[in-house]
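Following are the structures in question.
In the two assemblies presented below, chain A is common to both, partnered first by chain B and then by chain C.
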Partner chain A sequence: MEKALEHYRSLPQPKRSEHLWRYSAWRRLHPTGKVEEVPKAVSAKVVLTNLDGSAVDSAIELRPARGEERRRLSATLAEDNVAASFCRALCGDESLLLSIPNSYVGEQPLSLDITASGHISSLYLLFDIGTNAEVELAISIRGEAGWFGLLREGNIGENSKLTEFVHNRLDHTSTLLRCEGIELQRDARLLTATLSSGADKSKSDLRYSLTGMGADLGVFIAVHGQGKRHDDHHIEIEHKVGNNRSQVEMHAACDDNSRSVGTGRLLIAESAQGADAGQVFRNLLLSDKAKADVIPELEVLADDVSANHGAASAPLDPEQVFYLESRGLDKNESRDIIVEGFLMDAFKDFKSPALIDRLRTLLLVHLDCDLI
Partner chain B sequence: MAEELLKIIDLEVSVDGVKILKGLSLRIKSGEVHAIMGRNGSGKSTLAFVLMGHPAYEITKGSVTFRGKPLEELNVFERARAGMFLSFQYPQAIPGVQVGKFLRKSVQAVRGSAAGSAREFRTELNQAMESLGVDRSFLSRYVNDGFSGGEKKRLEILQMLLLHPQLVILDETDSGLDIDALRTVAEGINEAAKTAGCLVITHYQRLLDYVKPDFVHIMLDGKLVKSGGAELALEVERQGYEWIEAEVA
Partner chain C sequence: MGKDEARDAVGDYRYGFHDPENAVIKFDKGISEQVVRDISALKNEPEWMTEIRVKAYHHYVERPMPDWGNMGLLNSIDFDAVTYFLKSSSGTAKDWDDVPEDIKNTFDRLGIPDAEQKWLGGVTAQYESEAVYHSIREDLEKQGVLFYDMDSGLREHEDIVREYFCSVIPYSDNKFSALNTAVWSGGSFIYVPKGVHVELPVQAYFRINSENMGQFERTLIIADEGSSIQYVEGCTAPTFSTDSLHSAVVELIAMKGATIRYTTIQNWSTNVYNLVTKRGVAYENATIEWIDGNIGSKLTMKYPSVILRGEGAHAEVISVAYSGEGQHQDAGSKVIHLAANTTSNVLSKSISKNGGRSSYRGLVKVSPKAHNCKINVVCDALLLDENSRSDTYPTMEVANSSCRVEHEASVSKVSGDQLFYLMSRGHSEAEAMGMIINGFFEPFTRELPMEYAVELNRLLEIEMEGAIG
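Coming up: the complex of A and B.
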C-alpha cells in the first residue's frame, strides 16, 4: 500500500495540455480536489453469478489476487499513468481476480454486479482468461457512491474470446473514474461494449495492447448525456505485432448542457505490418448547448497497414424526423426512437445475441425512465 | 356514393423561393386510383411531399383538404393518423431501430386502439409479410439500413398494408424494382386500393400494367395539363410527352 501511495505521489501531476487531460482536468476528477491526497475508500461490493442469477461453474474463480498475479496482469497500463496509479494507491492491498481456466466455454453469460457505496469507493479488478476459452460477461456498475474508482487489468490468453458489456449506471450525483489495461495474446478476441449513462462526471481511460498476431479487438461505446453530464472516454490501442485487427465505434447522444469527449489514440508499431485498425466517433447533438469533442489520433510506424479514422457531429436529421412523423410518430416520439437507434447502432458489430438483447433492454429502461 | 378524400384547388408551392407547383387541381375519391405521370423535374415528388407536410415546401396559393379538413391545420404525424400514407421514393434509413419494433410503434400510433393486441399484430404482420414474400429476418434488421432498393420498397408496401390508410400516395414506388418485385409490390397496392384512394406517381408506364388506374394525369411544369383513362398512359409510353407539350402550347 505504502509503495503504491509513494509511487502515485512521486508522479508529476498531469497538465491540461496533455492529450488525456485536456477536457477533464485531474484536479476536477480527483475525489477531494487536492491531487496529492489519497483518501480512504470503501471497497465496492462485487457479486458474480450467471446472467440468469444461478451460481457460476466451479471452475471460475473470483478471489483476492496474489502479489505475483497483480504484477503479471498489470503490465498494460504504464507506470506513469496517473489515474491508474491513483486507483492502485486508493485500493491498497485489496484486489480481486476473476480467473477463467483454459478451454472453459461458458454456456451462458456471466454477470458481474459492482455496487459502489459510501463517500468514496474503489475496486481493483484483475482478470485472467486462459487459453482456448470463450466467455461472455455482463458488468453492471451501480450504486450511490459520491466517487468511484474502478481499475481493471487483465489478460486474454491465446485463442480465447471475451465478449463483454459494461453498463455505467451509477447514480447521477456520482463521479466515475474507470481505468483499464487489457492485453490480447495471439488469436485472442475481445469485444467490449459500454453503455455509459450514469455518473454526471465520468472519465474512462481504456487501453488495449495487441501483443499477439491474429488478435481481434472491438470497442463499442454508447454515451447518453443529459443535464450537465460530462463523459470523457479515452481509448488507446497499441498494435505491437502485425496481422491483427482493432475497431472502435463510439456514439454519443448529447442533450441539454451535457458534454461528451472521445479521444482515440492508435499506435501501430514498426513491427506490426498487416495491422488493420479503424476508429469511428459519431455525435448526435440534441440541444444548442450540448457539446461533443472528438480527437482521433493515429501514430503509424509500419508501412503495410490499414488504418483509418472518422468523426462526425450532427443534430437530428430532419429527413429522418419527417419519415418517422409520416408514420404517425409525433416529434418527441420520433426524436426518442432516433436517439435509441443511434445509441444501439454503436453496437452493430457487437456479435452476442444474448448480451445485445440485454443491452437493448437496459437502454430502453434508461431512456424510458428519463421520460418519466 | 364514394367519399371525396382529397381536394386540391389551384395549388401553388415553392421551395427556397422557387415555384414548383403552379396551379394544380385534383380530386380523389375513396376507391379511385389516380396516376400522375411526367418527366423528371415536373413537380411530381413535390406534390407527394407537400401533401404529407414536408416542412421545406411552402404553399403560396390554393388549398388542400383531406376528408374536408384543411391539411395546413394538420402536422405531419396528424396527417398519418388521419389516414394518409406516403410511400417514399427514397425511404430514410433509421440505423439502430429494428423493423419489427418500428412497425409496431407506427401501427400503434396510427391505428390507436384499433391496432389490437401484440398477438393480433403478429398475426397480421405475418400475413402481410407472407403476401409480400418478405423473410422474417427482416424484422430484426435496422430500418432501411443496408437495404437494397427492392427491400426498401417492400418495406414501404408492408407499412402501407399494416397502417390501413385511406389515402395512399406512392412516389415512384416502381423505381429500382425487378419484374418479380414489381408484381409483388403491385399486388400490395391493389390490396390497399380496395378500400383506399390511391395516387400513384410514376415515371414509367410499366407499374400501370399491374395497377389499373381509373384516371391518368400528365404533369408538365408544375401543372396537370391533361387527364384521361388508362389508355393515356399507354399513349405516353408510345409517343412520349412531346405531343402533349405541343397540344398545350
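Coming up: the complex of A and C.
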C-alpha cells in the first residue's frame, strides 16, 4: 500500500501536451482535484454469475489475488502510467482475480456485475485466462458512486478466446476512471466491446499488448453523449511481434453539450512484420454545441505491414431522416433509429450473437426507445 | 558595406568580425540581446522593429524547447554554436553581373537567371543572411506589385510591413518563431494590389554556405482583394555546411477573393535543422495553397497552416516528404476553420528509406461558428525497408455539428503485385520501383511548375538509387 502510494507521488504530473491528457486534465479527473492526494475509497461490490443468473461453473474462480499474481498480470500498464498508479494506490492491497482454467469452454456467457457506491469507490480486477479456453463475459458497471476507479489487468493465454462487453451505466453524476492493460499470447483472441453511456465524466485508458504471433484483437466502442457528458477513450495497441491483427472501431453520437474524445495509438514494433492494424473513429454530431475530438496516431517501425486509420465527423444525414419520416415515423423516432444504427454499427465485427443481443437491448433501453 | 563601415553602423559592440573568403560581415557565434540589437542597427531599422526583435529574443530565451517531436535531435542543437548573421555581399544586386563571382557561380548552377528570363515574374536569391540578387519584371512593377527582399521592403514600405508583420504569426507563437523574429534577415516581401493577377510565379532561392550558419529569413505576402500570386521557394541546392540551422517564418494574408499559392521544395543537406513556421490567413472567398516538398535536412519540423477566417475561404495543402538515412521529416499541416462554408483539403505523402523517419502531424479545428464546412485529410506513407519508420499524429477537433470531416491514413510497403506487373513488362526492379515512387508523388508533382516537377523527379531518382537490393 505504502509502496504504491509512494510510487504514485513520485511520478511527474502529466502535461496537457500529452495526447492522453490533452482533453481531460488529470487534475479535473482526480476525485478531490488535489493530485497529490490519495483519498480513502470504498471497494466496489462484484457479483459473478452466468448471464441467466445461475451459478458459475466451479472451475471458475473469483477470489482475492495474491502478490505474485498481481506482479505477473500487471505487465502491460507501464510503471509511469499515472492513472493506473493512482488506482493501485487507491486500492491498496485489495484486488480480485478472475481465473479461467486451461481448456475451459463456457456454455453460456458469464456476467460480472460491478456496483460502485459511496463518495469514492475503487476496484482492482485481475483476470487470468489459461490456454485453449473460450469464454464470453458481460461486465456491467453501475451504481451511484461520486467517483469510481476501475483498474483491470490480465492475460489471455495461448489459443484462448475472450469475448466481452463492458457497459458503463454509472449514475450520470458519477466520474469514471477506467484503466486496462491486457496481454494477448500466441493465437489468443480478444473481442472487447464497450457501450459507454453512464457517468458524466468518463475517462478510459485501454492498453493492449500483442505479444504472441497470430494474436487477434478487436476493440469496439460505442459512446452516447447527452447533457454535459464528457467521454474520453484512449486506446493504445502495441504489436510486439509479427503476423497478428488488431482492429479498433469507435463510434460516438454526441448530443446536447456533450463531448467525445477518441485518441488511439497504434505501435508496430520493428520485429512485428506482417502485422495488420486498423483504427476507425466516427462521430455523429447531433446538436450545435456537441463536440468531438479525435487523434488516431500510428507509429510504424516495420515495413511489411498494413496499418491504417480513418476518422470522420458528420451531422445527421437529412436524407436518412426524411426517408424514415416518409415511412410514418416522427422526427425523434427517426433520430433515435439512426443513432441506434450508428452506435450498433460499431459492433458489426463483434462476433457473439448472445452478447450482441444483450448490447442492443441495453442500448435501446438507454435511448428510451419503443422499438424493443 | 565594408568592415569599417559596418562597425560604424553598429557602434561599439563586442562582437568581432571574422573574414572568411566571402564574408563581408560575420558575427561571432551565439545569440544575446546585443547581437539582436546589432543586427537591427546594422540594417538601420526603425525603432519599433528593434523593440519587436528584443521582445522576441527575451521570449525565445524564456520559452522552453518543445516537449514533443524528436526531442533527441531537437535537444542536440547547439544554439551557441550558430552564427546568427553573415553577410556575403555588399548589397542586393539588380543586375546579375553585379553579383559576386563565387556566389554567382553557385546560383548559375541552379539555372538562375536562365529560369528567370523564361518563366518567372521575379527572383530573389538569398545567400546566407541577406539577398544578393533581386529583380522583378517591369510589367508587374507597373501594375503596382511590390516584390522586395524583406529588408528592402521594410525600408521602402514600412507602413505596410508594420501593419502585417507578426500579425499572423506572433513572436510568442513558438520558440522558433521567437528566434526568427529576433534575428530575422532576408526573405521576401510581396504586396499584390487589388485585382492584379501575377500570372508567372515569383521565386526565391535560399542557400546556406557556411558551417554552423543560421538562416532566418522572413517572408510576408499580402494579396489584396481579388488578386492572385504564386510564390515558389527553392532550396534545391545541396549545401556543404555542417549542423546549420534554418528557421524561417512565412506569413501569408489573402484578402477577400484573393489566391496565394506558396510552393516549396526543400533540399537542404542532411545536417541542416529546418524548423520553420508557416501560416496564412484567408478572408472571405480567398484561397491559400501550400505545396510543400521536403527532400533534404536532418530534421524538418514544418506544419504549414491556414486560418480560414472569412466565409467561403478555402485551404489546400499538398505535402510530400522523403526521409533517407539519418533524416526525420516531421511535417504536416494545420487548418483552422473559423467561418461558415469554408473548405479544406490536405494530402500528405511520405517515403521512408534506409532508416529514415517520416511523421505526419496535423490539426483540423472547426470552431462553433464554422457552419457547413467540409474537410478532407489523406495521409499515405510508404516504408521501403525494415529499418525505417513512419508515424501519423492527426488531431481533429470538431465543435460544429453541421460540418463534415473525413480523414484517412495508411502505412504500407510498395506492393509486390505492382512491382511484379511492371517487371513482367520488361522493367528492371529499380526502374519499376522508381516508376511506382514517381506515381506515388504524382499528386504533388502535377501541381508544380514544369521545370520543378522535372527537377523533383530527377532528385527522387537520385535519392532512390540503391533502393533495391
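We take it that the second predicted complex is superposed on the first by the 368 of 372 C-alpha atoms of A that agree within 3 Å, B and C clash if a C-alpha of one lies under 4 Å from a C-alpha of the other, contacts with A are read in each partner's own complex, and residues count from 1 in each chain.
Here is the rule we use: contacts are C-beta pairs under 8 Å (C-beta built on N, C-alpha and C of every residue); 3 or more make two chains touch, one makes a residue touch a chain.
This one's a predicted model, so the numbers in the text were calculated from it and none came from an experiment.
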Which of chain B and chain C A:Asp52 touches, first, second, both or neither: neither
First (chain B), second (chain C), both or neither touched by A:Glu2: neither
Chain B or chain C, by number of chain A residues touched: C
Contacts of A:Glu79 with chain B and chain C, given as first, second, both or neither: neither
First (chain B), second (chain C), both or neither touched by A:Leu329: first
First (chain B), second (chain C), both or neither touched by A:Lys291: second
First (chain B), second (chain C), both or neither touched by A:Ile337: first
Of chain C, residues touching chain A in the complex: 67-68, 368, 381, 383-413
Residue numbers on chain A that touch chain B, as the complex places them: 317-320, 322-331, 333-334, 337-338, 340-346, 348
Partner chain C, residues of chain A touching it in the complex: 15, 17, 19, 270, 273, 283, 285-315
Touching residues on chain B, where the partner in the complex is chain A: 52-55, 75-77, 79-81, 85-86, 88, 91-92, 94-97, 102, 105-106, 109-110, 142-143, 159, 163
